[in-house]
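These are the structures, in structure tokens.
Here chain A shows up in two complexes: once beside chain B, once beside chain C.
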Partner chain A sequence: MKNGFTVFLASFFVLGSSWTAFVLGSAIQLGHEKQTTVLNGSDAYPVQRAGEATLGLQVYRASGCAACHTEQVQQNGMACDVILTAAGKNAAAVSNLVAKLKLSDLSEEEAAATADKITAAGGKVETRIIATGGDIARGWGIRHSVAADYLYDYPVQLGSLRVGPDLGAIGVRMADVNLQLQHLYAPKSVNAASAMPPFRFLFEVRKVGTVRSPEALNLPKEFAPADGYEVVPKPEARQLVAYLLSLRADVPLYEAPFTPATPKK
Partner chain B sequence: MNVNEKSNAADVSPGQIDASCRVPLLALFGGAALWLVVGLVLALIASIKFHQPEFLVNCSLLTYGRVQAAANDLILYGFAIPAGLGVMLWIFARLSQAELILPLVPVVAANIWHAGVFIGLVAILIGETSGFAWLEFPRASFALMLAAFILIALSAAGTFGQRRERELYPSHWFLLAALLWFPWIYSTANIFLLIWPVRGVAQAVINWWYVNNLIFVWLTLVGLGVAFYFLPKLGGKPLHSRFYAQFAFWTLTLFGTFLGIPQGAPVPAWFPAASTLASVLLIIPLIAVAIIFVKTVCGAGANCKGGPFCQVKFGTVVFLLSGLMLIAISCPHFSQITRYTWFETAQTQLQIFGFFAIVILAGANEILPRIMASALPFPKFVRVQHWCFMLGTLLLVGSLAVSGIEQGLNNYSFATALPALRISTLGLFLLLIGSLLFAANVFVMTIKWKLGLAKVVFTTVTAPLKTAEVKS
Partner chain C sequence: MSDESKSCSTPSNAEPKATRSTVPMWIFSAMLVLIYLGTVYFDHHSGWFSAKVYSPYGNVDELELYQPKSGAAAQLARGKQVYEQVCGLCHGVDGMGKPGQAPPLAGSEWVMAKGTTRLTHIPLLGVTGTIKVQGKDWNMSMAAMGASLSDSDLASVLTYIRGSWGNKAEAVTADDVKAVRAGIKSPVPMTGEQMMKMPE
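Here is the complex of A and B:
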């Protein structure tokens, strides 16, 4: 290593190897990703976020929400539940068999074996796949986030620090627009322990006109403005909420399978 | 290679070399000191919000997400990189035993760089951030800062080309690789994320790759390059040894650059797997650096006593710690707890403040009196500043690490992390005091020098014409 040029050339190749792998590799493998379909279905996924939600992503970016929130639900694995849907002709034998078997928290192979046994006895079963892991247990999502969830986003803000909860499926967890708006204006009015700073600059506090604006927030007494005033969300607040509600990650995909809850008949 | 540069007969004297670096280094260090102070003030504002969420809450410019990002970027781009470049230029000139060539170029470049940082700061505060972590500055800043870096690199490379000792010293490898690597990663990240953005989650992969390569690899290349120069120079014992240094350099650049993609990221599994493998292998360069450090420092005759030698030693040990922390957070078992917590922030802060800032500030305080050919205005500040940085980093990193583990063990509950997190404010406060002391030295020195210049100009202009000239 006596020559400057040798060092330069050698570092070029050594340093360049990670560039080739991570930059070129990701651009080739992920940069041409296409819309797919939902598992066992024909619905396209993902679809472009609605206009207001797309604008909301920019409010999310500008306000630096990603400093405290991640948008990636984690999953450790999955478990299968076997559910008896019909006992068939030989109901007593099937229910005896079912009582002896372990039906929940099974691996895929175990679930298949169990299902076979019950089917052999004449019962009808359904196997459900459930994602497992800390985030799922916390109720932060139904399945883990996958690359497809962010296909149309710019910028993709996965975040790296969870000062607040993960927002990967906030649209499922807190689907009420008014509650979301109230939470942005006065987080403590929704969750007394919240450490989130209030985003009051996304709202306008103004004198009530002849009638109260239909958009005005219904705030609890201690968070409400003085009498004769109302809190009205600015467009940015509405856009941000539209974006938050669009964060769902609630459809099964090939790389993230689960059995969606079926509406009870 | 003789690090102590006993100049040969008829060569440029060390005094001339130092003088040639004066203006460029003042421009780089002055801006760096200013941004360090501003950055720490913003970091303090962000931190106070954890004591009082209502603090400055109605000002959209100072909402947490913006202030925190601005503080991070000011400390990294405003302080760390230009200060590192300043020390680097001087080392290149000294190792080459030649005056800095084109000294005006880095002066102009430093001002362009700082202008880029200023534009970036304003952009973040008004909400024009790019949204990518550690790359929040807009495209205008990118153009300015890339141009400025290349200009400074040209001056450094030109000075390197003029070297009298043809054989390279180990610091050369680290610093040359840093000169090459920054424009590469910085332009890659900006082009693929801001100018022609790639699709979907590939943005996240490139962002993670960039952040790791800037904060871990680039800061390490510069910090170690500087440490490997100052440790033997101040300790009076040659670097042990070329072989180990070479080994550390190649393994570090080869493995270190592959880190950064976190476990469980929503990307194809080979990305995080490659990062985890690289993080395990990272132990190899860390061991090599530890051997170099022990064999160079032990038995060095230098009197430590909190002087610059002691400070560079401290910084190098912290580098080893920061590297170990990085391995820990990449290892699957431990990352189950630390993932998405303050623990990861603690590692970054340790790398920036505990290792890089301490080594570079020790170098800057050592260089300043030489380039100005006069003692520091407040020589006693240097030790106080170092203590502020040591204790401040300890409090900051310690409290963040503890609150991170609390968070990880308690369902990311903010309440359990809060008590430890609040101590970090004190750490930032100490760092701010330290940075003010550094800024005081730099600014008073600059002002004195400018007044001196003004005086020379004034006396030349107002000098009475010689009577001989009038008469003729």
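Here is the complex of A and C:
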């Protein structure tokens, strides 16, 4: 080869620059993430998963859930709501003013101006910060996912294709263990339009012994096995559900601020 | 262009030749425009590589703008700030106290008392002598660390310690602190016995 060394240098430069940008750059930017606390609070976030849920991550990985599900809630914007907490001395004037003003879906500047107007009239207000966007409108989460949410995931199951809904906050949306198990065994029994394949290999269909197992699923008739049989989740199913329930991402963080629905005392 | 048209007329078996030609001006201009647009985009969307800035926030200042600043969240935030400056040195940032220095606040029955009057007296007057915290005797003195704080700051600190590290008790308002402060006649540190007698 005539210019072997030049070709080597050029390819080294090309591969090296992409490695610098995508691997080294990301490591410098996010490699130092560590456990922090919830915004304006002292609760640690995130916390290490319980053992069963940690095993569930491997079941999630082995079952290929990430092929159809993502774990990343997106946020397109933020809005402020101004809420009157106390009318003060001249309540009539304040309520007149409040009726005239736009109080929800404001930008930060508009909210500050509105709050100032009401405070000047003698009322007391609270400004609530709300995350907005398509995923949030669908109920898939209340804020965007951030690196801290994945701190104890190995490997991180971000996913890239949304055949099914996002699972970043499935533990909030579907918090019932039995419903989760039923959904894994027969997705169509929970949602008739579901395109999810049933994960029956996570369950055992067996003959009922002297008594029915307390762990057996209570399935609707068309999904239930033949009489005298019962569906019992294997440990893998329980682990997977424990993992799914651990996906929450429902606390405010510095990098993902919002005002929680019920202020914590 | 003229070189190229010449080469077209030469026989096809001739060795092709590269000749010098200048880059057209429009490519330079287009490059400059693209670089300009790129820097503008970078400025708006990069967050200057801060690990804390995610879309839709453009930079740290914008993120700061949207931190909750009013209501309970703001009181806790202020409380945390004051706590870490004034109280955290002895009682610990984690509220666990330090042996031989200060008793823990996390899980302390004094902090989580039903009423807030006695608790508010502690930073306003200070403590001397032995007090019992979670079944353990602590014999040391505390200065009136909260006497110089404003009513609202002291209320924020007390609310913070009553609502942190697993503690769950009602918030303290600035008016509560004001009333307690008005009731104090002589600013002398309380002894353990006085504190035991004081109503919550």
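Definition applied: the second predicted complex is superposed on the first by the 260 of 265 C-alpha atoms of A that agree within 3 Å, B and C clash if a C-alpha of one lies under 4 Å from a C-alpha of the other, contacts with A are read in each partner's own complex, and residues count from 1 in each chain.
Heads up, the rule we're going with is that a contact is a pair of C-beta atoms (placed from the backbone, for glycine too) under 8 Å apart; a residue touches a chain by one contact, two chains touch by 3 or more.
These figures come from a predicted structure and were not determined experimentally.
A.B. asks: Where does A:Arg138 make contact in the superposed view: on chain B (first), on chain C (second), on both, or on neither?
C.D. replies: In the superposed model, A:Arg138 contacts chain B only, not chain C.
A.B. asks: Which partner, chain B or chain C, is in contact with more residues of chain A?
C.D. replies: The larger set of chain A residues in touch belongs to B.
A.B. asks: Looking at A:Asp149, would you say it contacts chain B, chain C, both, or neither? Reply first, second, both or neither.
C.D. replies: Only chain B is touched by A:Asp149; chain C is not.
A.B. asks: Does chain B (first) or chain C (second) touch A:His32, or do both, or does neither?
C.D. replies: Touch status of A:His32: both partners.
A.B. asks: Looking at the overlay, what does A:Thr127 touch: chain B (first), chain C (second), both, or neither?
C.D. replies: In the superposition, A:Thr127 touches chain C alone.
A.B. asks: With the two structures laid over each other on chain A, which partner does A:Ala21 touch: chain B (first), chain C (second), both, or neither?
C.D. replies: first
A.B. asks: Between chain B (first) and chain C (second), which, if any, makes contact with A:Phe8: first, second, both or neither?
C.D. replies: first
A.B. asks: Taking the superposition as given, does A:Glu108 touch the first partner, chain B, the second, chain C, both, or neither?
C.D. replies: Second partner only.
A.B. asks: For chain A, which residues belong to both interfaces, chain B and chain C?
C.D. replies: Touching chain B and chain C on chain A: residues 25, 29-30, 32-33, 144, 146-147.
A.B. asks: Quick check on the complex: what are the chain A residues that touch chain C?
C.D. replies: 25, 29-30, 32-33, 39-42, 75-78, 80, 85, 108, 115, 125-129, 133, 144, 146-147, 252, 254-260, 263-265
A.B. asks: For the complex, which residues does chain A have touching chain B?
C.D. replies: Interface residues on the chain A side: 1-4, 7-8, 10-12, 14-15, 17-19, 21-23, 25-27, 29-33, 61-68, 70, 72, 74, 134, 138, 144-166, 193, 195-201.
A.B. asks: So in the complex, the part of chain C that touches chain A is made up of which residues?
C.D. replies: 49, 51-57, 63, 65-74, 76-77, 80, 94-95, 160, 162-165, 168-171
A.B. asks: If we count contacts the way the header does, which residues on chain B are in touch with chain A in the complex?
C.D. replies: Counting only chain B, the residues touching chain A are 49-50, 53-54, 57-60, 63-66, 68-69, 127-133, 160-161, 166-168, 172-173, 176-177, 180-181, 184-185, 188, 192-193, 197-206, 209, 213, 246, 250, 253-254, 257-258, 260-262, 264-268, 271, 274, 339-342, 344-345, 407, 411-412, 414-415, 418.
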